[in-house]
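Note that subunit A is present in both complexes that follow, paired respectively with subunit B and with subunit C.
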Partner chain A sequence: MKRPKEIITLMLGVMVVLTLPGTALAAIQGVTGPSFTLTAKTGFITVDDGTIIPTWGFANGTGLMQYPGPTLIVNQGDLVSVALTNQLTVPVSILFPGQQGVVATGGVPGLLTNEAPPAGTVTYTFTAGEPGTFTYYSGSQPELQFEMGLVGVLIVRPTGQPKRAYADPATAFDREYLFFLSDMDPLIHKKVQQGFGATINQSSAWPICWFINGRAGLDTIAPAFDPIMPYQPYSAVALMHPGEKVLLRMVGGGRDAHPFHVHGNHHKVIARDGRQLKAGALDISEGAFTTTVAPGQTHDALFTWTGAGQGWDVYGHTASDPLAPGESADDHGLAFPTILPDIKDLLPGPLYPGSPFLGGSGSLPPGEGGFNPWGAFPFMWHSHNEKELTSADIFPGGMLTWVLIVPPGTLPAE
Partner chain B sequence: MNQNIRYCIRLSLILLFALAVTAGTCLAATYNLRTGTVTKTMPDGLVVTMWGFGLDSYDLGAGGGLVLVNGPIQVPGPELTVPPGDTALIVNLTNNLTVPVSIVIPGQTPAAAGVATAMTPVWVEWQAAPPSWVVKTMAVPGTRNAGDVTSRVRSLDKETAPGGTVTYEWIVQPGTYLYKSGTHMQIQVPLGLYGAMKKNVLDAAPPARAQAYVYPPPSTNPPVEFDVEQVLLYSEVDPTLLGAVRDNKYGVDCAAAPCTMTSAIDYHPQYYLINGEPFSAGRSPIPIGAFAPTPQTTLLRLLNAGNEDYVPTLLGPYLTVVAENGKAYPFAKQQYQVFLSGGKTVDALLTPVAEGYLPLLDRRGHLNNAAGTPGGLLAYLTVPNAAPVTLTVNVAGTGTGKVQVTSLPGGIDTSVPDPVNPLVMNVSEAYNPNTVVALTATANNGSAFRGWSGGLAGNQNPAYITLAAVTTITATFDLTPPLTVMTPNGGQLWRRGSIQSIIWNYAGNLGPNVKLELYRDNGAGGLGALQTTIKASVSIGTNGVGFFSWRVPTAIPTAPTYRVVVRSISNPTVFDASDGVVRFR
Partner chain C sequence: MRRLFLMVPVCMLVLGLGTALEAGIRTQCKPGAVCQHLVGVDGYVSMADGYRQYVFGFTDKTGVPDNDVLLEAEMDAQSPAPPIRVQEGQEFYLTLSTAPMKMRPDLFDAHSVHWHGFPNIAPIFDGEPMASIGTNPGASFTYYYKVPAPGTYAYHCHVEATEHMQMGMLGHVTVTPLQDGTPITYAGKTYSQFAYNDGDGSTGYDVDYALTVIGFDPNFHDANGNPTPQPLPFADMRDTYMQINGRGYPDTINTEILNPPILPDGSTGKDSQKVNALIQATQGQRILLRIMNLSTVHFSTITIPGITMKVVAKDASLLRAGDGVTNLYYDTNTLTMGGGQSADVILDTTNVPPGTYFLHTTDHGELSNNQQDFGGLMTEIVIIP
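Showing the complex of A and B:
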């Protein structure tokens, strides 16, 4: 939807929306269970260059189709039931890889599970036995239907531990964000729309659009439930205070593996496919700056940022100042490593608030700045396959978003 | 077929090949492989020519002497199993192709006479006349001469010339490995020259458990144990490449110009194989360890001989992923899927929690056979019941058609001839009790599905059946009449002077035109006297359907009943009449 130059407008939009009183900052938007009603139906998603892609997806109840489908959030031990109604003209079903004892009621037998025939229904029930991040997707001609958008995420929270990824206290987090990484070949969607779905040779699939949480950059940083993208309700921007532990739930939703790369710091992969990386009591988590997320795979990772290792105090403190909340003591009081030129000699970018320090501000030439009122530090998070930073050949776009490190006290607790 | 002849090198070579080798290493597993071509039929009927390996073994003949048994050429090649006690693997490779080949096993140590050695790559250089690549002899064999910047490597190791036999040897460590051609690999591997090589730490006779790996430090866990094992070798087929090679049209200097594929940059697989076969409805599920009385652990050896990445995803219990590239992790990981990149091997343990069928699908979506679906990388693993029930499906009637199980777990396709008796049009598959399957009948052109009999009744299609006991089902197909009157087909009461539609279906070549007639009913369900010719000649129609708008004459008597007849003009014996009577008012 957005042209590249409109990034700053969007950034401002994020700021404005987040500063509105009462705006929900729930970092992962979704639907809480344990009973869900999903409808498979058609819709249209928009890519940042204006391309419109006809899409199939899951709707929450009688709502609009959305891409990805509703994020289903349940608690460990819940008896989960997902009732699927099919408004498409082909059979649809849902697979829940990683869940044990999934029982399909109704529908007709299909290749992978019971299917809801056109205008029919089927219900899946299972006990969410283990916490973690999972995915669900169609099991009816899946190579076509997950391409068309019949995909989503299932989050199981550990019993009695809403702020942990797993029961282990080492998996506690302050904030959590979803990064659902997917791809599309619009040609396939157009063939389906025109009624030539049966002629598609999936060996020729050639994705040219890439998405985080169903949106192509720079739509990724627009607020959740932005009315200009009714079929793509989920935002993909991350916000955090220094020192907070942020849980990244990374899910492969397309047909290709995507190397998700974070700037600002490394992350620690603590779980894969909804199973914590532990061998008995031994921690076998893996540090990474890029995590390859295979299709259908999930990774949970912890990320934090304290300003450590910058070589200068990001707050501009002197050694005698107290530490800011979440600040690393390592670089406390270290001087800014260069002499700032006079403001008259600078051509500041729109995000420069007049100060290089976190939460800082200062005088700017008339008409400049104003797009970073918090003095946040933005770091790009993106696919490390640089080709995927495009949408139909146009840069910037695709699998591209940001984390905003905002000064302490800016955000309410999650 | 799999004869692992364990001899000392000296014994095997002298006895079987009489080559003058003086090596003295014992405890080597020896295989005699032979390259050749083999055709495979894809589920959509496409026949491709692949290159593969066959296993030559020696059996005791009737007279007591050793008899050479030439195993069939197969893709993937024979599994090369090295017993735990053997330190080396020897392959005597006979090349029946028209180009040189070789064998490499990434991860294993090439050896000669039990001593580790370097591979000896074969270099080639372009010569102008006649235009061809010729082998260049290097000062140090296998090493490019100083200053030579034009030679290229054709083979990673010594070659076996067409018609020749060469011995390859490796010092082997336990694990799951791919062996494949090391010559012109971008062509010879996709053509089918690959297979699985495996070695355990400890073999055991059931109920004792074999050991696949010992976990490396810092793990102190007991070794990786399993009850049964199953190789799942993933690969792919590019029919364009295979056709170009078969027809000598591959390369910029192909023998049969015009060359249809000049380099492997155009490699584009269309079919995807597990253990050499793409998914089709008739493919039987793959048995793994049982659940009862004691759950058995299956070691899945996953190998990818293709160039694409695959993501085998199991719907069911978690996989315990224990090793990658033939090397055990210090600590196993729980995953429901495996990222299996090109050339990779992964070992995973699977212990069932119930009887049933566990789908294993590629989450990258290679579930097609070219434009056909379902297909490709879908397989069902069976946790078997001790007392399965058999479903037998027959096809009967004057027409032709096929019946397939089109739901989990497949296993029946009557269009695939019985390998034992191709004339018997029935197929059987053993299923766990109370498996529910969808049976879909598909009539061939000119035939129609009439219905089920035996264990099913009616003509619902697809039909769903719960297999509680041994079941035999017959599907009946009838020949479709070449001409069928659809309207009026009885029951009509048409006003004289009105305009009515006469509609018919046709099949086959009946000429361009038909004749439409109105007969009186004879009162016995047949045709009486001809009342009138409605139209002497009208187009037979298009796409199997014909149509005529008839103004009903006002002079037709209203008392009798009538039937409409559609008759081929070129073959007047072919006709059809309304099934019931038509009246006029």
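Showing the complex of A and C:
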């Protein structure tokens, strides 16, 4: 079962992204603290195959429930307070794994922390002691509420260093993106919606939908705050120039572990669970092309791409052309190494601009391509458990998104 | 699975076989470069319990005249896909031709080669078809790689990836390092073959083996190979034939080409499983296992009772600290890998008594060939005196 129309959806998304520079290209969407008000409420998320899943989630203040919850962005040393109001019919709470000394004020005692009863409130305060990427999620019947969508991300920036993941200058980045990886079993959600929550058997959960930043498949590259997905405001498309350093904040937000594969180049995992990979002064970061992101786990990784070493000039330059910013001199002016077949012998992808060169374009059959007006180099970033590239039994979908390497000078600085 | 809504184009293709397809198959290479020609096609393989499984795969037709390629490739899908072994720094021209699928003439699927893990690639040679191109049936596309970095990689078709990978278009890539051939003494022994450019000889080995872990879901394959093709069960996908190098145990240790499958029409198919997974070494040798997991559903954990595994690299990245000299290798009894992950593991057999050892999954439910027990993700390591 395949959907040709899916391609059109994808392309519309890309077109919107590419024609709305500025706000839609913001790196990590979120709410800056240190004081937050969250509301637990119901909503509906849409999956790219048309499935609608009833969900519970956190809203920013009086806004709509969103999945994942608002990304809370604070600075190291901030006294963070999160006031939770509960509009669900069951108690809800929030855990902040990785934070020390969380104090819960108000609410009623629960098994793991104080809870906000239905129509009630509770407030959590803590000092964000260490920089890094963290999660937060409900500690009230988490086996159900995590699945239902009561989960989000907390980012703590190092003191005085907003463009570094950690205090260490080796963790500096030009742009940063969030990859919140999750899965859902829609049957559980339907049972909850229809009042049969007591019949749910967690041991037989069978996820059939997979998400990045709460969106499935090609929806991931639609712009942030796209009005067609009011409950899923966060985009997952990454944009960068050649040579820039991009920070990937990968978060396990579902019930399964996911092997997240990045096309284009290897990435370097520099931190796990908010702890930089160092042994004393020794840098023990790990190169990888596929990183396992387990539930509740976070990985920070640096990614860059220059195209150096291809053996041909990815810009299509002649030797007399000037070097592009960040271009490798070694390959400059080297001819393309093969003869491309006639386009009729090929199946051009919707993001193929008709040229192998960065910033290039070429003729394509009628109706093909044309959705990559910058001539960007797109690379898919996705779960390599390929089953997870589907949504409710439909391919393509699920846990995939893209990085677009755009020609130098296209993007504003972050 | 790109279905044609009209049969007319199919008829046109069949009628045009004599000219259009031949004209489309063409290899490209240049003197001094490594040249290889793979063809994407369908076929059959045999599971270790004897079950015939319909697959998509690659077959190696390097050196076959362009005009003969489609005929020779018919129903010749290999599992695993033919292993690729090249050296760092080489220029590598890899031609992919796409053959029509004999058992599924309703399909017009393109294919591609995605060299999984190739660093700093450009989309045109990355094989991810949304960002670039797939190769249509009856045509060829030549990928060019200036092989940049040693290690253990994979290649697979990325067109309609969930389907084509579950169907078996999965292969192993080894890139040997420039350091090979330079004798370096490490721990009292001198090696001239290495996993990486380690500078200290610590990844030196005597024998190496490429192992690719995959899994098949027979329901998915049967739906695809049904004479009346069925909707593909993506959501229910669950691998019950876990394999190493396209075989479940005990086929993994059969050093012969497996008997070709008997096709649905009663004829004998082609030899389609030529790679085994038996590991042999003389006591005292260092064995390098280049392990790649290309399963489309499961994580797998492997162990080797009686022999300690030393992990020296993951995802083609040497485990080395940022100072460039401190090795971060670690000894372990278990190694967990998800789809798309590789690891290089060294087995030092100096103190391993001669005998037969088993490399197997610790997910013991995967020690089966579907309903047949004592099989699945397992092979043997034979240490000779």
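Everything that follows uses one rule, which is that the second predicted complex is superposed on the first by the 360 of 414 C-alpha atoms of A that agree within 3 Å, B and C clash if a C-alpha of one lies under 4 Å from a C-alpha of the other, contacts with A are read in each partner's own complex, and residues count from 1 in each chain.
Everything that follows uses one rule, which is that contacts are C-beta pairs under 8 Å (C-beta built on N, C-alpha and C of every residue); 3 or more make two chains touch, one makes a residue touch a chain.
This is a predicted model, so every value here is computed, not measured.
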Between subunit B and subunit C, more extensive residue contact with subunit A: C
Partner chain(s) touched by A:255 [first = subunit B, second = subunit C, both, neither]: first
Subunit B versus subunit C as contact partner of A:144, first or second or both or neither: first
Subunit B versus subunit C as contact partner of A:312, first or second or both or neither: second
First, second, both or neither for A:68, with subunit B first and subunit C second: neither
Subunit B versus subunit C as contact partner of A:296, first or second or both or neither: first
Subunit B versus subunit C as contact partner of A:356, first or second or both or neither: second
Partner chain in contact with A:110 - subunit B first, subunit C second, else both or neither: first
Contacts of A:217 with subunit B and subunit C, given as first, second, both or neither: neither
Contacts of A:282 with subunit B and subunit C, given as first, second, both or neither: both
Common interface positions of subunit A, toward subunit B and toward subunit C: 257, 279, 282, 284, 292
Parts of subunit B lying in touch with subunit A, wherever the complex brings them together: 219, 221, 268-270, 309, 311, 313-318, 330-337, 339, 353, 359, 361, 363-368, 370-371, 373-374, 378, 406-408, 410, 436-438, 462, 464
Residues of subunit A that touch subunit B when the two form their complex: 95, 97-98, 100, 108-113, 139, 141-144, 146-147, 198-205, 252, 255-257, 272-275, 277, 279, 282, 284, 292, 294-297
Residue numbers on subunit A that touch subunit C, as the complex places them: 1-2, 10, 170, 206, 208, 257-259, 261, 263-266, 279, 282-290, 292, 305-312, 314, 337-341, 344-352, 356, 358, 377-380, 384-387, 389-390, 392-396, 402
Subunit C residues within the subunit A interface of the complex: 1-3, 24, 26, 28, 91, 93, 110, 114, 116-117, 119-124, 126, 128-136, 138-144, 146, 148, 159-163, 165-166, 231-237, 295-299, 314-317, 319, 321-323, 326, 328, 336, 338-341
